[in-house]
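Note that chain A is present in both complexes that follow, paired respectively with chain B and with chain C.
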Partner chain A sequence: MFDIMTVFESFVEILKVVPKTLLLALIILVLSFTLGAMITYIQSLNIPVVRQVIGVLQSFLRGTPNVVLLYLVYYSLPLVLAWFLGLFNVTFDPTSLNSTAIVIVTFSICYSVFQSEIIRGALHSLDKDQIEAAQSLGYSTTQVLRKVIIPQVMVEALPDTMNAFLIIIKALSLAFLVTVVDIFAQARLVGAQSFSYLEAFVAAAFVYWGICVLLTYVIDKLENRMRRGYA
Partner chain B sequence: MLNIENLNLSFGDHKVLDDISLEVKKGEVITFIGPSGTGKTSLLRCINLLEKPESGRITLGGLTYDFGSITKKETLNLRRKTAMVFQQYNLFKNKTVLENVMDAQIVVQKKSKKAAHDKSMKELARVGLDGKADAYPHQLSGGQQQRVSIARALAVEPEVILFDEPTSALDPELVGEVLKAIGEVADSGMTIILVTHEMSFAKDISDRVIFMDQGRVAEEGPPEQIFNHSESARTQQFLRKFYTTTH
Partner chain C sequence: MDIKYMLEIFPQFLSVIPITILIVVLSAVFGLLLSIPVAAIRIRRIPVLSQLMGAYISFTRSTPILLQLFLFFFGLPVLLQLIGFDITNIGAITAAVVCLIFFNGAYMSEVLRPAYLAIDKGQHEAAESLGYTPFQKMKGIVIPQMAPIALPGLGNAMIHLIHDSSLVFAIGVVDVMGLATIMSGDTFGMKQVEVFLTVALIYWGISMVSEQIIRLLERRKKRVLRKTGYELKEEEAGYSV
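== the complex of A and B ==
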């Protein structure tokens, strides 16, 4: 029988891993954003060969499911690392690599492609006039970047970036495949203990939904604040 | 005070400015007129290096800069002695009117917030917009936005203010308020270089008018001479055309 009390108990149990899941998602968001910014920058330089290589890589990452990439990295990264470190005569045990690290690496690379698109779009929306105004007043290149470009690009990129954050949180439910315990994995564990899977998954769904509603609310507030000057 | 020698600028094969030399005295109001595409705006943009000339020299505030070998530091230095008022106002759209006027004082001139605030309010009062200090640019009319950008230029106390067709983007009924503000800036003794198509305003405000044609100075002199007794056939032709099409 479906038991509402069990749902509640599962909910409390699942809440315990929420901070860890959010932290993991945040690390992935920051890394993928940084990587994405680098990709945007490199692509803007328009270096022949490099441009095409990144293009193919982007296409590959876009065209492969996260699960496949996760397994791919899970089985290959330790070997690659062992080989690479071997070049410097550092011995490395491939089995010692932390699964959490694997999840972070996989998703950071995976989402960097999307982040780079977001950044490119935001940069595109910035008008040159304001940059020239700042230059004409004697702002240095870094001052223009810090005072004019970044504040406005951030506002433009904020909704999409936050959307990416929610996607990452949900995508982390795949992490249990490589033994990392996130919200979804915790729900499976809780469900397995009492064989009340349905209750556990109902609880998990509500946890995800709750996070989403809360984040959306906070982001909307933030965006409204930042967008005050916009028509 | 401002001295330009042999300034040359090309876009590809197209020679935009051809060996321009110009001397401006402190407090002088110089107006550039001439057909579109003759390099008036480009010249203004060269003076604060939004365009980089291939060659030439500029002296401003006692220092001479060689365009051929100008460093990043010199570029900033020169820009900090000038201010520009753009055709499209170019206000920071994410900042309030007050912040627009304050920002350069804090970021570039490293003034205290209090000092920048007081200076900004004073300049906003001069253009009649101290009541709009907390508004955002998009809440203002074009004329008001341009007056804010004039206050922003005044607030950094430049040696010279460059006005690049400041009324061209405005609805006709808003032109007057901006011209009035520019007139007041001129009366205060500020050195001004103005590019405009407002001929009667140019006639009233200028100490000297320069007619440019195809990247060169075709004729220069007091407004009275240029507008009423021009010696150049090209100037006469331009003015005749101008008056028959707009008046």
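== the complex of A and C ==
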């Protein structure tokens, strides 16, 4: 009933989509990080109404599961886009939107909230005096950002950000619902071909496990190295 | 947008919310029960078992919950056959609950372990020197101090669990999300946005209610902590695996 050889064959098949999954996760991580930085910045401005709106949005994104959001975006984004582009007299076929794009948009929005929290936490750890010292030395704003804030905040935010990367890789397993093929979706396809779902899923589990163990190891090394520079 | 339609389907969702809550409560309670021995083994560093538990925690943390659900759904019958039970098909709800218990046992043990280790060694020694039995020590000294430290983590686990339970529709359980997928098929692809927006609002509501309950408990915790003088650390950012 359970065949080790099939596990191995599925494993090889599944490995083929690992680069694609990692790339997708990386794109989502970068986008969500940018969005998160923007959210942090807007919140730090403390504009009355905007702040409340973002607060509600954050609560909504945190309170709803990813699947629901994925489906919601999957069905509403094409309509919203068509309506929006219609305002500029651009005709847009709602069905032509690529589902990979939808996955990227959904997860970028989802995780931007968490990223903004990570960035805020990292900024908190930064000593205010350092910025003042840099300013008194005549650093411009970009110089302060580039030479004082970012190097330190990056080290502080790295563990959580990489944690988010792993979470995104795992969350991508939902992408099979909208026909994007990642590790999990590939396992389903492989399993369906040979009628051996269990073997395929076991293989996929090992792939995920391997990725996580490897990445965690690399991140630990990287963090140690970065901390040494700024200790 | 058809708000009338959303209001129309809302009562239908109310009828399946108990299934979601049943799954969440069962997995939370039994997950917590499972996490206690797991944490104990890790704290005591029992040679072989401790490594096994480490692998178990690492496994549940690094594979998606969706994959775990499918593994249990297809793998549990095979496992049961090995032991001698001849069950070719287990119910989807059973598989889902067993999987979520398995997942939460690992997750919560990682909340309990640091909470236990945060308690000062002197407390244990004081209890022992006063002649407390291990059970008395647990009940009178360790757990009351552990609870406030572990609460935020357990609350987080609860919110995660609610979110994770939305995935059980993938193996065929008709919970809130399962009903939504059925409904979105029923409307011939016309009203999916409304259906999923309703579902999103329902989950938002459930999460908010559980968050409020956790807040309530946390307020009590702060009162308790003020008496013991334990320094509260800044809450961890957002979420963990």
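By definition in this document, the second predicted complex is superposed on the first by the 228 of 231 C-alpha atoms of A that agree within 3 Å, B and C clash if a C-alpha of one lies under 4 Å from a C-alpha of the other, contacts with A are read in each partner's own complex, and residues count from 1 in each chain.
Here, a contact is a pair of C-beta atoms (placed from the backbone, for glycine too) under 8 Å apart; a residue touches a chain by one contact, two chains touch by 3 or more.
Since this is a predicted model, take the numbers as computed values, not measurements.
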item: Superposition on chain A - do chain B and chain C clash or fit; value: fit
item: Partner chain(s) touched by A:167 [first = chain B, second = chain C, both, neither]; value: second
item: Partner chain in contact with A:76 - chain B first, chain C second, else both or neither; value: second
item: Partner chain in contact with A:2 - chain B first, chain C second, else both or neither; value: second
item: First, second, both or neither for A:19, with chain B first and chain C second; value: neither
item: Touched partner set for A:68, first chain B, second chain C, both or neither; value: second
item: First (chain B), second (chain C), both or neither touched by A:118; value: second
item: Per-residue contact with chain A, leading partner among chain C and chain B; value: C
item: After fitting on chain A: smallest Cα gap, chain B-chain C, Å; value: 22
item: Contact residues of chain A, present in both the chain B and the chain C interface; value: none
item: Touching residues (chain side chain C, partner chain A) in the complex; value: 58-59, 61-68, 70-71, 74-75, 78, 81, 159, 162-164, 166-167, 169, 177, 180, 184, 192-193, 196-197, 199-200, 203-205, 207-208, 211, 237-241
item: Residues on chain B engaged by chain A in the complex (per definition of touch); value: 48, 50, 76-77, 79-80, 82-84, 86, 88, 90-96, 103-104, 107-108, 136-138, 149, 152, 156
item: Complex contacts: residues of chain A adjacent to chain C; value: 1-2, 59-60, 62-69, 71-72, 75-76, 79, 113-114, 117-118, 120-121, 160, 163, 166-167, 170-171, 173-174, 184, 187, 197-198, 201-202, 204-205, 208-209, 211-213
item: In the complex, chain A residues that touch chain B; value: 129-130, 132-140, 143, 147-148, 151-152, 155, 226, 228-231
